[in-house]
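Once you scroll down, you'll see the structures, which are given as structure tokens.
In what follows, chain A forms one complex with chain B and a second complex with chain C.
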Partner chain A sequence: MTDFLQYVINGLAKGSVYSLLALGLVVIYRGTGHLNFAQGEMALFATFGTLWMYSQGLQLWAALIITALLSFLGGGVIEFGLMRPAGKKSPLAVVVVAIGLFQGLNALSGLVYKGSADGLHFPSLFPNGTNDFYRIGGTCKGSVCTGGVVWRYQDIGTLVTVLVLTALLFLLFQKTKVGLAMRMVANNPDSAKLVGVSTNRILMMSWGLSSAVGVVGGTVFAGITANINLFLMFQVFLLASAAATLGGLDSPGGAVIGGLSLGVVESLVENYPKHWWFGDYIGQSTAIAVAFVIILAVLLVKPSGLFGSSRVERV
Partner chain B sequence: MTALLEVEGLVAGYGQVSVLQGLDLHVNEGEVAVILGANGAGKTTTMRAISGMIQRKGNVTFQGQSIVRTAPNDIVRLGIAQVPQGRGTFTDLSVADNLRAGAFTRKGDVDADIQEWYGVFPRLRERRDQKAGSLSGGEQQMLAIARALMSRPKLLLCDEPSLGLAPIITQELFQVLGRLNAERGLSILVVEQNANLAVQIAHSVFVLETGSIVASGTAAEIAADDAVRKAYLGY
Partner chain C sequence: MTLPIAIKSGSTAHQLTRVAAIAAIAAVVYNFYLNGKPSTLGSLTEACILATTAVALNLLLGFNGQISIGHSAFVGLGGFASGYAVNQLHWNPYASFLLAVILCFVIGLVLGLPALRLKGPYLALVTLAVAFVFPTIAGKFLDRKLKRATKINGLRLKPPTWTGLKPTRTDTAVFIYLLAVVLLVVAYVIVRNLRTSRIGRSLVAVRDNETAAAVMGVNLRFTKTITFGVSAAIAGAAGWVSAAYFSTMTVASFTVRDSIVYLLALFLGGAATLTGPIVGAFVYYFLNKYLLDHAKNWTWLPGPLAGGPVAPFLLGVLVISFVFVAPFGLVGFVKAQGRRFFVIAPRPLELAATTPQLVEHSTAAADET
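And then the complex of A and B:
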């Protein structure tokens, strides 16, 4: 039981990162109907930026906030300068441009920030020393405790970050005028124009918002692995898009639940069999395969994802 | 009588194809104008050209100001609201959010307006938390009109409001449009195939055939025109 809880807690941390990237994907998908293939590399490039600012003597949190703001602008520029002109040609062009952006930003990360395959050390946003954790349960002899479930402050912080960002996005979508406009554009762009929404501006904001959420994901993840390299976001993006598909591509809440459950499943499948005879044959790749099989099964039953809206329409 | 909306030599279409070939029409302040036309005559194109949803050439003047180069979201701000064909409600949004969406261009509190239109369309109040997509066709049409009115327009464009509705609902709908005009002085431009009902509330009528106006006049004049009456009013 203790092991089980421990694996769940570890899984939640990684799942939080998937959730953050998945949230970014959902924000763009709602507005444009496109899956942004460059999401992971946009986050990578910006996360390198955070590291650079940190190396110039800024607090990590301050550096993150500044890069998030810059990413917001950068995302808007990408929409305006690349995606919109491409979208006018054909929807397929958008996919091609996004893949180009994926390649380009990865190469640029190497060029500008001297990012490499081996990677650079990355600091954590949260206290992450040897003693920075809660112990749930366990036994104590004097001041020395053992056993129980260890929940590291870093993992707690990551989870809280995801939950706070989700809550903020929810408030933005449901309670503000900009959020209402985003929902209008997602649902019916023509009608949105007819009630006075500048759909272009809303799309720029969606891209900006998505990029800003992405860099939070990147920074948190680099903190967890204590390393940033050029391949950091490959697998994360893959799993984040799977998480978004699982939760329903147009549902922010679904993206978070999808991401967290994917993280937990991955962690359980990776670690649990260690207790059993076939444990030697199971590793992280098996875990991911199992996660994808589960997603496949869910989508067979519910093609729009767990929380995605299958459209209700009466004529 | 001053013309609120003046359209001269309007040419518009989709891609290389022009549907409208130099169309002229006007809507006077405080009046209901009706465009009659068969399928494919260019009715919807006319509406979309006026509200700026498609590329157009020619003169479109609203309150003395040319709007032919104005973007649709700015045209709404000038005071033209369109109820698009097929209603165009935000199907995933609640009824209340649809109404709030209609007031997007306005600043400040809009709850009083929402309450006012709930008064005019009580069914919308009953269903205010339901998704618009789950409403019946007639209810959606009412919602689409109420949403357009939330922007407090000077001119309301209605694109075939009777489409897909039961005759009794259509009748109710035109009564509402007639009242909006009579009681509130709202200027309305309606495009319709259902000519009889539309002509009853119209001050002026334009007959549209293959992209240009072939006859126009007051409702009485048009009803007296044998050819038009036979073709569009069916008696």
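And then the complex of A and C:
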């Protein structure tokens, strides 16, 4: 039982990053109906930026806030300069631009940040020494404790950061005028335009938000793995998009639940089947495969995800 | 004479231009057959493999509107399955071709099943997952069966005697090059004939509006799964060629990144055109090769771009700019420019005997309303 709890707790930290990026994907999908394939690479580029600022002597927190603001602007520029004109051409054009961005930004990260191809050490936002953890349960003899569930400050910090950010996003969606406008654009762009909402500005803002959220996710995730390389965010993007799909691409709540549960499933699959006969086939590297099989099963039963709304098409 | 000049479809002039185009391509192929160095032939073979895969992807994405980021898995499956059958089960290398094609066709059909329920980004994600998972599963399989973690040997094909080629390095390269060209041509002809047939029209109808196609009697399930299967089978054939070409294959040769290269090549040439994927693949392959060789020395590039591996970056930028400059790719661009000078006029429809009745009927209906 303690093992189980330990794996769940380990999974929650990564899962919270997946749900954060999934939230970014959902924000864009609701506005435009497109899956942003370049989300991970946009976050990667910005996360390298955070690392660069940190290496120039800035506090990591300060560097993150600056890059998040810059990413907000950058996301808006990408929407305005690339996605919007492409969207006017055809839906396929948006996919092409996103895939081009994916390759271009990844390559650019490799060019701009020296040593990124081999991987660079990444500092953690939270205390991450050998003794920085809470022990839940377990037995103590004097000052030496063993057993129980170990919850690292790093994992707690990640989870709390992400949950706070998610709560803020929900407040934005539900309680502010901008959020209302965003929901209107997601629900019915034409009607939103008719009542005077500037859809273009809202879409730019969605892209900006998504990018800013992405860099926070990237920085926290690189902190967990203590390393950043050119492939880091691709895997995160993959799991984030899987989480968004699981929850339903147009449901922010679904994205959060999807991300957390995917993180937990990943952690459990990585650790549990070691002792089972098929343990050779399932292990660390195939955890994602198992996660995808589960998602495929869910999608076959509910094609628009667990909490997604199925669109009724009028013929 | 006023521009554009109209050429009647099916007229002698039209047929002559076709024959000229085919002759020109055949001459180029033959020239490399006679004079090509093994390295050049190798590059051409790789480009042909990329082109065959792009043709397969075009059938699925361009004509049927189903996006797949998973074709690297089919190419890899074709390659690994044939390599395994030849090296471990001692199959005939040509029989392993059938294995690669049939296996990929069946797996493609299976993957086409979720595609029936999933649309757009959901489907893209599932195929992406397949591509992502494939190297891991293949690696595990090889690890268990061969005690060799990541590699599998190629087919080690030798040219058969009736070709007149000797089993030397040069002649083997020539043979595999010809094999790749032949398979590319076969794939092209299959897609071309499919496109102009009843099935091809139903493919496009499904792409443009599923509901309307279903209402007009197109069997959605059949059309979509079969397209997925055929596309996967062609990709599997490309995988077989790569197994014949490479002496060893690693699981790292077939990753999501390769799937993205197929897509970029397809978009560069022009999706939903017949020759687009082939043109795109050749341009992409040789441009990439050129940039890899030469861009290192381009010190005039700004800032961090100078002296680095800029090839993937520049190709990404190129594909993005193509969306705005030439939305239908190179082929679409050339066609649009060519249309200012030559137009191929379609043959006038021959009116069937039943047509007047239909017309009368419809006017009567119009009068009633």
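Everything that follows uses one rule, which is that the second predicted complex is superposed on the first by the 302 of 315 C-alpha atoms of A that agree within 3 Å, B and C clash if a C-alpha of one lies under 4 Å from a C-alpha of the other, contacts with A are read in each partner's own complex, and residues count from 1 in each chain.
Here is the rule we use: contacts are C-beta pairs under 8 Å (C-beta built on N, C-alpha and C of every residue); 3 or more make two chains touch, one makes a residue touch a chain.
Computed from a prediction, not measured in an experiment: that's the story for all the values here.
After overlaying the two complexes on the shared chain, residue contacts for A:288 are found with chain C alone; chain B is out of touch. With both structures placed on the common chain, the touch criterion links A:177 to chain B but leaves chain C unconnected.
In the superposition on chain A, A:197 contacts chain B only, with no contact to chain C.
In the superposition on chain A, no contact is made by A:232 with either chain B or chain C. Contact with chain B, but none with chain C, is seen for A:187 once the two complexes are overlaid on the shared chain. Contact with neither chain B nor chain C is seen for A:125 once the two complexes are overlaid on the shared chain. In the superposed model, A:111 lies in contact with chain C only, and not with chain B. In the superposed model, A:64 makes contact with neither chain B nor chain C. Comparing chain C and chain B on the residues of chain A they touch gives the larger count to C.
Within the superposed three-chain model, A:102 lies in touch with chain C and out of touch with chain B [touch as defined at top].
Common to the chain B and chain C interfaces on chain A are residues 313, 315.
By the touch criterion given at the top, residues 51, 53, 71-74, 76-77, 81-82, 84, 88-93, 97, 100-102, 104-105, 131, 133-137, 140, 147-148, 151, 164 of chain B touch chain A in their complex. Of all the residues in chain A, the ones that touch chain C in their complex are 29, 33-35, 37, 82, 85-86, 89-90, 92-93, 95-97, 99-108, 110-112, 234, 238, 241-242, 245, 249, 280-281, 285-286, 288-289, 292, 295-296, 299-300, 303-305, 313, 315.
Interface residues of chain C, counted against chain A in their complex, comprise 67, 114, 117-122, 124-126, 128-129, 132-133, 136-137, 139-140, 144, 211-212, 256, 260, 263-264, 267, 271, 304-305, 308-313, 315-317, 319-320, 322-324, 327.
Interface residues of chain A, counted against chain B in their complex, comprise 177, 180-181, 183-184, 186-188, 190-199, 309, 311-315.
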